[in-house]
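Pasting the structures here.
Across the two complexes that follow, chain A remains constant while its partner is chain B and subsequently chain C.
This part shows the complex of A and B:
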């Protein structure tokens, strides 16, 4: 008889719930009559994400001490559980946004792939060795490649999918090569084991580490590995962009923190400088390029590059405060990012064309609720008080200062100042019309504006609640984050 | 007690938010009803808290509740903490009770004006802000409330934003108040630097234990006093209050008479340990109060605008409260605050009835003889006037005389100066109050009064009821402190603020006798002048000076405003335009150029992306290999 390893089903449950969701929605695409296909998929997905988030919360509750499970291929700890909650809830909100997207084909597939990608990410953040990491990475990446190209009638969507696939396989290749080199140098796959086995000065080992860092930086869309981001974000269906901007970032950053701190603590002096340099590149390129954009999705894509910069500062700090700051920052960031893309999606559906700063004009008057939410999202992304974005930046900067990176703080503050130029530009576009633009009622004159999408409004409202609520109820969130970080061997 | 306090604080906020969010979905009338309901719900909360506290032991009436801790880092802790004790309970009852009556009155007064919803939203917001000020559990929240009431006051003075005079008055009020706010904020910074906390208890014990140097305590008290003086319109930061009468009359009643302007008195009573540690500053408060009560009383003698006369009398009465607080008679100062809230709100609202009746006429030269056409208004206004002058049984008699008696009991040259000055003030009060009363209600109806009489009633019921309630209040509320017989008000406040002086019953009755004689003398003089058709102050240099309000506005204009404008213009032409603006333009252009270059690196071609990727990986690897 073959000896089977002990399987910790609870640790796997959040992933499995989503996997089941994916399977059921896919079956529904075949078995459920066409008329009910969307409703079925949406309801099942919502249930699945909720179940996954609840299960992850249970894992969080019961994992005060980190432990390696399933033959040390994954780690059961609060860090992974908190990230899983965040990712699953992002999936939930994105599903609400997607429900009204008017998609005619591939409805079941869309939700199945979204759930599959989420399942991959939930596993990814808990990866305990290089194998699981790579497997989970490919799992969610391949789902995302297809999701990006799912609007087969739009050339841009196909282009985005293809570009993402090609550059993505390049990135995966580098990551895999890096894993191979590290394995070759140490003979170990597990993060913990790599740290123990380390032959730090081995060129093979260090090269492998550089390549793993590059592969992950690609997923985070940190400059200079960011170049796919604007093209893919612009071309992909807006709901998918919303999802990627939040969930992928959470997954990749949390894992980057985990692997750097658990597997490579001896080399911290090397990688923390490298991460800091990547952060500076991202801040500079993301913010500068965003100023030049007219297309709102591209603008937000560059904004996500710049946020990758802020988040990398937290990793570069390499201290518990940094980890805490990273996890806290991701909460309002994800909410504001998903919310902003949801508003863009609403505008897109209303006008049937790409949303630019010009076509955004007047949204604040026509859809007051979405307008108000959008400017709060922009303020949060820019880091204004009364939004969680402010505290996120504050925590990141104080962690960096604590670690002695004062020049990084200076650059971060300058980048924040620069970012106001384009965030406030969006707010201006919402409320100000150019002189020759038609006055109110133009939309009505051409046949009436479409009715409000209740589900989308709910999603945007929820995002707003998190964005603002994370400012007022910061203490419980910070406590959650510091408990999660306590699992890491700082 | 906890529940009542939160209800009291949050009900007006909920009303404000509801009116704001519902927007045009509710009618103007409903907005008024909502606001009235919200403020009265707050009053109910205050009453619940009060009844609960009343039933407790005298030293168990302090409740500190924290809604949530916002941020905690080491010893530092920030959050929403409320302090409910006898002192704040008194303020809560006054703010929501009188506030509710005035909001109710506004339903009739503002009917038909544009933007009623905005008005009622602001009124609810003001009540919330004022409650935040009095209930805040530490100096930080006090400052938050302090700033928010300033904002509400600004918004309401400039409510009629089509009239330039209203906008200018709002701006003036805000700027003058900001001077006080800034001084107060500096004091708080000093407290953080030297004590490390803004908690009342910590700061007070630091001040009492003598841990701080004299200079620090003096500066701390001075900063707080500056804030109090600005908010309460005392000399030298008093110039905004008469102009603030540009706001709607109910606003003048609520904010610029009954509640907000008395916040300075509350502040001194609340932070009395700091002032007691810096006695010079406390005496300064008393002297400023004396100066204000005399100056305002004199200026009130020559004003022609019905609301301005009452505004100057407000300044004068707050002068009495400062005088009381400055010699440590906190209980009496607070008592005068309460009675003043009743009779001053009454006077303003009755004046509002008159103004409403005369279609917005405020010049008392164009009034007269209204006694015949407005018997109800006449009676209530008379009650308010008698209470203001301090005629026995009416509220002002008990509270003002108690302050003067405290000055007598305080003794020393300071006590005597304050005593005599305060008594002269009583004479002035009688003069200006009854000059106004006779001008408006007696004699022959002039001009508009005659026309209006034909087709107006006295006002809507929602206006008459609050006035009646306040008239009753102005008559009976003074009975809460009868020297030597029944003093529940002092006993109530004693655990929260221990007074420094205790006038004997004899001193109190003696003072009362003198004050009443002087007040009646003032009334008789005013009556004689009126029947003889003379003004109280004959034309000449004196009258000229008083009409120019002692040239305070002109002085500030010459000393502060004009030089500041000159410097500002110079800076704009010599520094801002060429250096700052030019520099910023350069930076902005550079940024845009950089943005364009960065954008153009994005070719859209996969090979570029792959190249960038490869180069970056190579560099990263190389650097790692070199630095390992």
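This part shows the complex of A and C:
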């Protein structure tokens, strides 16, 4: 009789709920008649994401003390649970955005892959050893490669998929070799066990750590590992871009914080400098390149690179305040990012072509609701008061200052000032009257604009509520974040 | 323990990894690039199995088995994409994938 390990099903429940969602939507793609395929997939997905978020909230509630589950391959703690809630809700909002797209093929597959990617991310953030980390990383990455290339009729989509596959696999190859070196230096795979096994600054060990950090930096899209980001964000279907910009960033950054603090605390002097350098590169490259962009998706892609820089400052601080700032910042950032891409998706559907700053002109007048929302998202990303983005940046800077990184704070403030140029440029474009007559081809159908997409409006509204609400209800959110960070051994 | 010592396994693994990295960065055919990615993953596998033998534990070998499955999944998606591109008569050359830039 083989002894089976004890499995904590509650800790796995958020992942399993999403896996079930994925399976059911995939079955629906085969069994449900074509007319009802989309409605079925959307309803099942919404239910699945909601169930997963609720289960993650239950895990949060019942895991005041962190514990290792399933033979220490996973950690059940509030950090993972909070990140899982955020990721599942991102999936929910993206499903609402995607419900109205004109997709005619691969409808069921789209929702199944989205749920599968979310399931992988939910497992990834609570990984407790190198194997779970690598497998969960590949789990959501492979789903995302396919999602990027899902619009097979568009050349750009295929190109984005192949580019993401090559660069993403390159990153995970580096990560895996780093895992092998760390395993060789310590003989352990678990994060906790790695920390207990070390003590010496073994070159093998430090090289392994650096390679793991580089591999994760590819997923975070931190410069200089960001070169895939603008191309993939531009080419992928816009709903997938919205999802990647928020969920992948949450997952990769939370895991980066977890592994660095749990497994490598004794090398903190080395990795905090490395993370600070990544942050500075991301801030500089992201902001400077964004200014030159005309395509809104590329602009937002570079903006996400620069936000990776701000979030990495919080990790470099290496103190509980930094962790708290990271988790808080991710909430308004995810909301504003998904919301902004949703508005871009709406414009893209209306006009049937890529959205540039020129084709954005007049959106604020034609669609007042979307215009106002986009305006707030841009202000939040830029860090204006009355939006969560402002407090997020404030917390990040104060954590970094407390840790003695004053020059990092200076660079962060300069980057914020620089970022105003392109965020306000988008706002300006929204309220510009378009110069040319609307009769350019089939842009506007006779009888006015296409009907409003209620689900998309709901999603954008929800993103706006979170973006603004995270400013006014900051204390409860910060309490949640600080309870979550208490699970880490700072 | 007979046979070469652990430093040799590590040296071969590092060499394979470098070959893989060079292949991804320098070659132009997406098929060769995929092949090089596989070489990178298998270099890590070799290191895992070597270290696993050194420590006399099985977890490294289990990891290597799991990585093989992942590598197969990854290459499936990659080949699928290449077939989709070939069907649309797109040039199979990573240097000409320049539709997206700026």
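General remarks:
Operating definition for what follows: the second predicted complex is superposed on the first by the 474 of 490 C-alpha atoms of A that agree within 3 Å, B and C clash if a C-alpha of one lies under 4 Å from a C-alpha of the other, contacts with A are read in each partner's own complex, and residues count from 1 in each chain.
Just so it is clear, a residue touches a chain if its C-beta (ideal position, glycine included) is under 8 Å from a C-beta of that chain, and two chains touch if they have at least 3 such contacts.
If you're wondering where the values come from, they're calculated on a predicted model, not measured in any experiment.
After superposition on chain A, the partners chain B and chain C are seen to fit next to each other with no clash.
Within the superposed three-chain model, A:123 lies out of touch with both chain B and chain C [touch as defined at top]. When the two complexes are overlaid on their common chain A, residue A:187 makes contact with chain C while staying clear of chain B.
Residue contacts after overlaying the shared chain place A:295 against chain C, while chain B stays out of touching range. After superposing the two complexes on chain A, the angle subtended at the C-alpha centre of chain A by the centres of chain B and chain C comes to 160 degrees, rounded to the nearest 10.
Touch criterion met: A:228 reaches chain B, while chain C stays clear of it. In the overlay built on the shared chain, the residue A:165 is in contact with chain C alone; chain B does not reach it. When both complexes are overlaid on chain A, the residue A:13 reaches neither chain B nor chain C. Looking at the shared chain after the overlay, A:267 reaches chain B, while chain C stays out of its contact range. Look at A:138: by the touch rule set out above, it reaches chain C but stays clear of chain B. Once the two complexes are laid over each other on the shared chain, residue contacts for A:176 go to chain C alone; chain B is not touched. Think of it this way: put the two complexes on top of each other by chain A, and the tightest Cα contact between chain B and chain C is 5 Å.
In the superposition on chain A, the residues of chain A contacted by chain B and by chain C overlap at 163, 166, 170, 174, 230-231, 293.
Across the interface of their complex, chain A is touched by residues 10, 13, 17, 20-21, 24, 30, 33-34, 37, 40-41, 43-45, 47-48, 50-51, 54-55, 57, 59-60, 62-63, 66-67, 70, 73-74, 77-78, 81-82, 84-85, 88, 90, 94, 97, 99-102 of chain C.
Chain B meets chain A in the complex at residues 68-72, 591-592, 594-596, 598-599, 602, 604, 606, 608-610, 612-613, 615-617, 620-621, 623-625, 627-628.
Residues 163, 166-167, 170-171, 174, 200-201, 203, 206-207, 209-211, 213-214, 218, 224-225, 227-228, 230-231, 267, 269-271, 273-274, 284-285, 288-293, 391, 418, 421, 472-475 of chain A touch chain B in their complex. Residue ranges of chain A in contact with chain C, taken from their complex: 130-131, 134-135, 138, 142, 145-146, 149, 152, 155-156, 158-163, 165-166, 169-170, 173-174, 176-177, 179-181, 183-184, 187, 189, 230-231, 234-235, 293-295, 298.
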